[in-house]
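Below are the structure tokens for one structure; questions will follow.
In order of appearance the chains are A, B, C and D, and numbering begins at 1 in each one.
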């Protein structure tokens, strides 16, 4: 295992020290491992809390700031945060207008956020609404399963709902926007290599030099199927095709197209992939209204990428364009 | 599902266990569970690597170490308080799926724990199992820890109903857990992270069912040893 | 070789298509492989041109935009651009106030930019000044050698000189600022893994699982020495110590501390490294005035990082803080 | 350093080469150089991987393929025009260190090329060598292509001064290049990318000296074959 770390057990705590040192505009509660925007709670504004396992940086701490999240809880690597963290975050961002939890649909995340909400309900008057993201078309959805994973769309939810909150929408409105983004977004990912969980010390899976995993999530879990390595053009097809098959993306005001790197893939390749994705969408008659290309939701050093498409409307685009000022996404401010 | 109250106590002719399932015994149980998980940490993580995210051993080990040290510090005498302290610590320190699930197991077990005898223990374990099922919304056959906990509780109840001594009953429970754990191998996961693999999840043993079997093994070792 | 590419020979051209598609605020000359800000040339403003081999993304194209570069030339992977590209870029950004070339000190880069300047001098009235960055303390400098490599400080030069140009400084002033940044900046890097040049098809060097290369550049070239893998704390020492030994960083208005990822290192680890670097600087009595943490100057998928320190003064900090609006660095705009 | 004019022409007794070094011959030279580099592309890149950035073979191959195709299209009859077209194409397509260096080599050679005989070729090569030295500011012993080009030009001049036929002279030049190339192995690089390695650059053959030896090999094959 080759990593810039000290003790595998301290990776998260030590990285949080770095985040605190690098970003004076954030406040880090090291005991609870929660990253707050430093003016939280913002009076009268709906608070946005997200969080999840670490190892996906910049998600979520990198999205804390005006126009996006008010707080992010950092769990252990690939392990959802515990309820105490979520409670601390929720309390810390409660400006009197309620708090939205943005939760990725994983059993652990959902249960820990749920338990936190139960604790909050028992002890305080803070109104909490959770929106669970589940955009990964690689996973077959059914009543009897854990359902689809929350992946790329989560960042779009955080940005867009964050803008809605910043603009003063009430909790129901912010939650509605968040659900709309989730409902109109779909994703699919591919891994060329595994990642190595620091505490595990070796790659989560072995992938021969000529193979890749299609339909992966963001925790180094294997994908739906293993197929021979293919040119970028074909990989783009393998990712976009099931996304388009799952939702009709035509007829809106264009899509937000998000090509996300898994951590170990150079930006050079992500741009190349974006060109392929854009070509496929053009052929399909789907206009790209906005785009995002970069490693925003990673899986440690995994090589690979995911494609997220969000069917946008005027309001969502306006909220997407609204100012945001976070370590990882920043414009208009 | 037979409630433990169906058999009113340990049988005559064998050692009574009425006073064995006290706080110290439960503490010993948790210590033994922690020991087993620590010993098998990498194996658990490797099972999780195959169909999950390679953290089950690490997470549980961290949480159980914290639980053991909390019990060291607080040393509650009351058996229910022991289980509650364990629950709270696990919920606070594990995270992921297994944190809330094991946390709920111990929390419900704590609430349900009556008199400190074998029957009370069976009631508590059944309550824990039901808590896990409620929290995780999983069913038998979904390839989760439930698939070990369920057969374990059934075997425990059955043995106690048949008036077998706690030693034997807990051994039967551990064996039931192990059978359930082994039965997860061919299953296609419907809950938890392994469900994302679809058919590819078959052929692998569920990590949670494996750690749950350790929980039952620990009970057999730590509690029955006192019987 | 596991990459999201089609034909290794087309990687750069195809990535440029993606850059063009993703960034409507940039104009890409695909024939010459030059990325321009779309309002170039800006009348009366000194034009800033940089460029180099590809494989270092976001550098340089990701730094094109108001407040930073006017154009970037993309060479083949790890191969400096050819003079024609530099000429095209220089012509395209000449707003009448002259053009600054920001050139990293590599034989190929220096010669190709030089030849371009000679061609420009022969054929047009455009005044061209080149500033060559050479901040890598891993390389022993001497009159008889190629000198030090230009690495991390290049990005600081581009940002700060870009701000100076945006604020209307004349060519001599912009060049002076650029030289000041280079003169006050030092860097040192480490690689945990090699990278694979697409056309070469396999890792440039083999590095055993328990070894790392200290004193690497950004082209996959081996470093000064191979040492056993060490904890992040010790690696930070190995990087910062020679930087501090090379220049007195005390007594200014603090430093700009830049922890750069080489492409394959997760942000989690970069933040952890930043915490270590900050701790060392604190102990050394050196204040950090600003910082930058991320993968900005990469070496394809190489795992590792570099540390750059710039001894700043008030003016440099003011220029650092000035608005910038590029794909990879953006604030105040 | 003896200027080629020191020996006024090819000797009697062997075939005169006065009309051999024409545009077609120089085109054949470049084609043969391109062929050798293409064939050895991966080997050149591998040498560059050891002490550089793993692109020397790729870059040169790309540039020489472009040069060959430019010569196909333009087919300049004038020998100097051939060299100039090659120079321009290399400068336009290679990049890195070797683009300007080989470009300058051919550019200077083109300017210096006089009458199309062996002596003129030697003058041109010497001019190319000096252009490379001026452009790259390297000296003999710096572990660069100069270390192959220098001995090659020296051997060529010497052979021609001794009135040996062009065939033999070019063979001697190629051998000189090869000796120079081999001599780069123990050198510690002072110029180019390999210089960053310091002492670690010793023990590796310089990629540029290797390709420069192919340049001279190509001359021996393509030009002397016509002698």
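Going forward, a residue touches a chain if its C-beta (ideal position, glycine included) is under 8 Å from a C-beta of that chain, and two chains touch if they have at least 3 such contacts.
Just so you know, these numbers come straight off a predicted model, no measurement behind them.
Touching both chain B and chain C: give me those chains, sorted by label.
Where chain B and chain C share a partner, that partner set is A.
Hopping along touching chains only, can you work out the least number of steps from chain A to chain D?
The fewest touching-chain steps linking chain A to chain D number 2.
Can you give the whole-Å distance between the Cα centres of chain B and chain D?
Each chain reduced to its C-alpha mean, chain B and chain D end up 77 Å apart.
So what's the Cα centroid distance for chain A and chain C, whole Å?
Measuring from centre to centre gives 29 Å for this pair.
Taking each chain's centre as the mean position of its Cα atoms, how many Å separate chain A from chain B?
Once rounded, the distance between the two centres reads 33 Å.
For chain C, write out the residues touching at least two other chains, lowest number first.
Residues 77 of chain C touch two or more partner chains.
Taking the touch definition from the header, please name the shape of the chain graph: line, ring, star, complete or other.
Graph shape, chains as nodes and touching pairs as edges: a line.
Give every touching pair of chains, nothing left out.
Result for touching pairs of chains: A-B, A-C, C-D.
Help me check something: in the complex, which residues belonging to chain A touch chain B?
Answer in residue numbers: 9, 53, 75-84, 106-108, 111-112, 114-115, 136, 138-140, 144-146, 149, 197, 199-200, 204-205, 217, 219-222, 224-225.
Please name which positions on chain C make contact with chain A in the complex.
Residues 1-7, 11-12, 14-19, 21-22, 54-55, 57-58, 62, 77, 192-193, 209, 212, 229, 231-233, 235, 263-276, 278, 288, 291, 293, 295, 298, 300-301, 303-305, 330-331, 333 of chain C touch chain A in their complex.
Show me the residue ranges of chain B that touch chain A in the complex, using the header's touch definition.
Against chain A, the touching part of chain B is residues 42, 45-46, 49-55, 58-59, 62, 91-101, 103, 135-136, 190-193, 195-198, 200.
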